[in-house]
């Protein structure tokens, strides 16, 4: 039986597009839509599926808060991949509907927010209605007797539900994108690729002006660049914060490993979330800028030097 | 005509509770429920209302992402107040329904996530359904012929819609809370109270390992503590980040003013979001810890000293 | 009566050369040699002279420790100028003496240390004797019946005392130099030139791992580069330290002024030592690298912005 | 044959007192006075002696600059011990001389500077003369037909040369002290004692505002406190600096070892100068404050945790 993967559905979501990006070889029947982020996590934890894909950041589908809450507080899973999907919206309707017929438009609230300019210009008189996802909007519009004339959704969602595009690129920002992550049960990490990310949650030991700088310095002194940083209430109460951090590099690298040990020492707790390739398709990315003297070879050289001076060989 | 205030509705949301906290004297008819965070912002911007309340952080109603997006990218508004509302869930049903009759429970997805433990123990066989807010769940359950038997919602939402509590405190964390902010059109800032917060968005000039530390140091060297820090894609594209920052103190204070000027100099752009009391009820908060030598008097003394040495008076 | 200037003598020291550099128009009789650094300070303090020149750093004459001690603990004077003098040594003897006649060489201990290579090669059998300055060595050699055959000293010292050069450039390092400072009684500071230095002594408030970093960050966040940093016992007891700091820029500049105010706030005490041109001849220096956004115009723009946001003008 | 030790002479210097402190069991004939700091270094390097003692900091004998220059630029030696000697001055004269007979006082320039207050009060009319060390002053006064009536020197120097004390504690600061170091040829380091210091010279890779902070952060993030920091011209030319650093802890400790490796990576060059007990008599010192989570056990725990997460064990 092939591996099975859960994702935040329904069919036609951007998350499904990310899943195709991350697991291109999985057959259709191996991709299981779930109705919430929590359900995806649970399906992976229980072993019902072998992996799962959920949105992490800037999603137009909602779900980011839910994803981060599960990563921080839920039973631990590992992030084993990530990808970014361009967010392009189109206006879809049932075949036979013309643009001038559109009186009621359905979409997700975030999508609506991102398409306001286009709507004000081209459909100034249309009513807008929000539903739980852009894919759900497309699905609803496709149903006979639907209360909406058109959906703002992704092209693949419109096509999936047999709709016809009335307009493409109706979003006000042409280069929006959403990041998605692939989850696995604890086990061997993906091999380093040279363009990896490492994710973790740092629980600050006490609340003082320099606590966060102290954590960031643990990365900075080892030349590790951060790509995402977000403070979050720990769930205990407002005012107790943890920091969700994405850093460049793989925990198998000396610089990242040493930085994580430093954070482990100065923090109340650290949750390691995984090291994984920066994209499902790593070949289309420039290698990240790497500060000098941060390669494993640099660390190994310094270690040999330390062994020499510890034995008193200074000449 | 009294001042009017918009909030994220429907009636019975935690946001309405926050509104009552922040504007306790506003009569019922002055509180206008809106169906989205964006609608609240727009109502304030257009002048249709005099102020608005939306959730900012850890909301169980959704909406945080939307709030932050509006604050960062929308036409500027000022935050002029904030409050935190404890998040306590109860199970409500129509009068006459007993706990053992409950087969279908409606609530918001985040609320569902926070009540799983209780549900697994007390209603292991009930189906759960998610709707757009906990208040909407209560309203739907109250309707004749509702497809759900019970709602997980706030006590005030259940009571608002004429339901009866079957169980209180059904959340798995007893001390969850949500922060809400009050928005106003640009104008005079609230007076300093001694327990204020200042919010801003910093757009980093370029992406290098030390860029964020550079910004944080602008606060640290003036003894300004941060209470929230969140990196956000700027909306241009993934990889371009800005930082949403809440800092202790009021921009009218010397230490905060100087820190903001420093950030203004080193950043590509800074958006000031407001200085406002830490709570609608400031009297129940301990004063924040203030590092030594950061009062306005300390800054004034240093300024007098600078004037002296600039004129060569060193003895 | 022309202004009079004290310097660390006797005639022919490198300090006299620095004096000629810093006060080129002073006639010979206006330059007063003193027999110790302390005497120069005292002559300035008492008003006996209008200014004084002493070595500050890397001196081959000795005296750096004495200079710094006077700057830190003595009655305050202002540094109003500085210059660097190349340290070139030559071997001088009385007329008629040949190199092969030289059996006993006199010089200052530091000069001896810097000329060992040359001596080992060219005068391997000569005895070396140390005296209080290289100028004193020259003067002594010039005396009838001197116990030494030759002096290692500066060219101008050898010539001053009527000696003849047996060899030039006898130092092992061809680019050694010494920095000298010009002292004045408290009064108007030298005007900013664009290539200035500012000197101060910072007395750390308490001894903890981050105390010095805290001080350095006060400079760093305002883009002020340091050119010298030296920890010194305060004189109270070993273990109580202060930091002697030279920073680029003039206290009249906004960035320097603000940095000094920050240090004033976080330190137990600060002694301002002066702002002065980096050299007596400023035209032969490249302008220092200046981090972006650190001009007075940048500070003024940030101040205008602060005034706007404090009045609530954010749009 | 017993071990032999060189020190900065002549007999009666404070350096000899330090030598007795550091090598209390060495018989008199094993202590070899040298006439310069460089001679002490050379005697150790050549193997003529087994160790040497020189002043490092705040010396009233001169010599600090020379010591540091040898440590930075000379053929490498290891610091294997240090001690601090209280600097107490007394006025000594030949037997039969009364205080009122004293017209000419000899001493070292730094000692003169430290005894001015006493001289102004008790011998306002005496001439003062400076010689190469306080011990030399005592020796000279002791000679028949000496040109001086009294010497300001240490008690042990006065007694050594058969003089009689006219007054004790003539220094203006009662708690002055000088630090001395013991030098050895490269070889096994002294064992850690729990109150150790580690000395090194860091050659900054390039000159930018943050370079020094970068180095200091390498210590700070590992909780290593600095006790001395001094910028020094490298000897190449003015403007090229290195930093002489004394840090708490022994290089055999994980925190110090890792900090040194970090500095090795970010600096152009690092010269390790040794790890050694903070005093010759370690039992009279309070243990240094140690930031939390910096013991070897803390480092070992973090290393075990890293091994676990690298193998994907996160639950």
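Side notes on the structure shown:
For reference, chains read A, B, C and D in written order, and residue numbers begin at 1 within each chain.
Here is the rule we go by: contacts are C-beta pairs under 8 Å (C-beta built on N, C-alpha and C of every residue); 3 or more make two chains touch, one makes a residue touch a chain.
The structure presented is a predicted model; accordingly, all values stated were derived computationally and were not measured.
Interface residue usage between chain B and chain C, two copies of one sequence, is largely shared: over half of the residue numbers at the contact are used by both copies. Chain C and chain D have Cα centroids lying 24 Å from one another. Chain geometry summary: the mean Cα position of chain A and that of chain C are 58 Å apart. Shown for chain C are the residues that touch two or more other chains, namely 210, 217, 220. Interchain contacts close the chains into one ring where each touches exactly two others, per the touch definition above. Those residues of chain D that touch chain C in the complex are listed here as 35-36, 38, 57-59, 62, 64-66, 69, 84, 109-110, 112-113, 116, 130, 132, 173, 175-179, 207-210, 212-213, 216-217, 219-220, 223-233, 235-239, 241, 243, 289, 291. On the side of chain B, the complex with chain C involves touching residues 75-76, 78, 186-189, 214, 217-218, 220-222, 251-252, 257-258, 260-262, 264-266, 271-273, 293-294, 298-299, 301-303, 305-306, 309-315.
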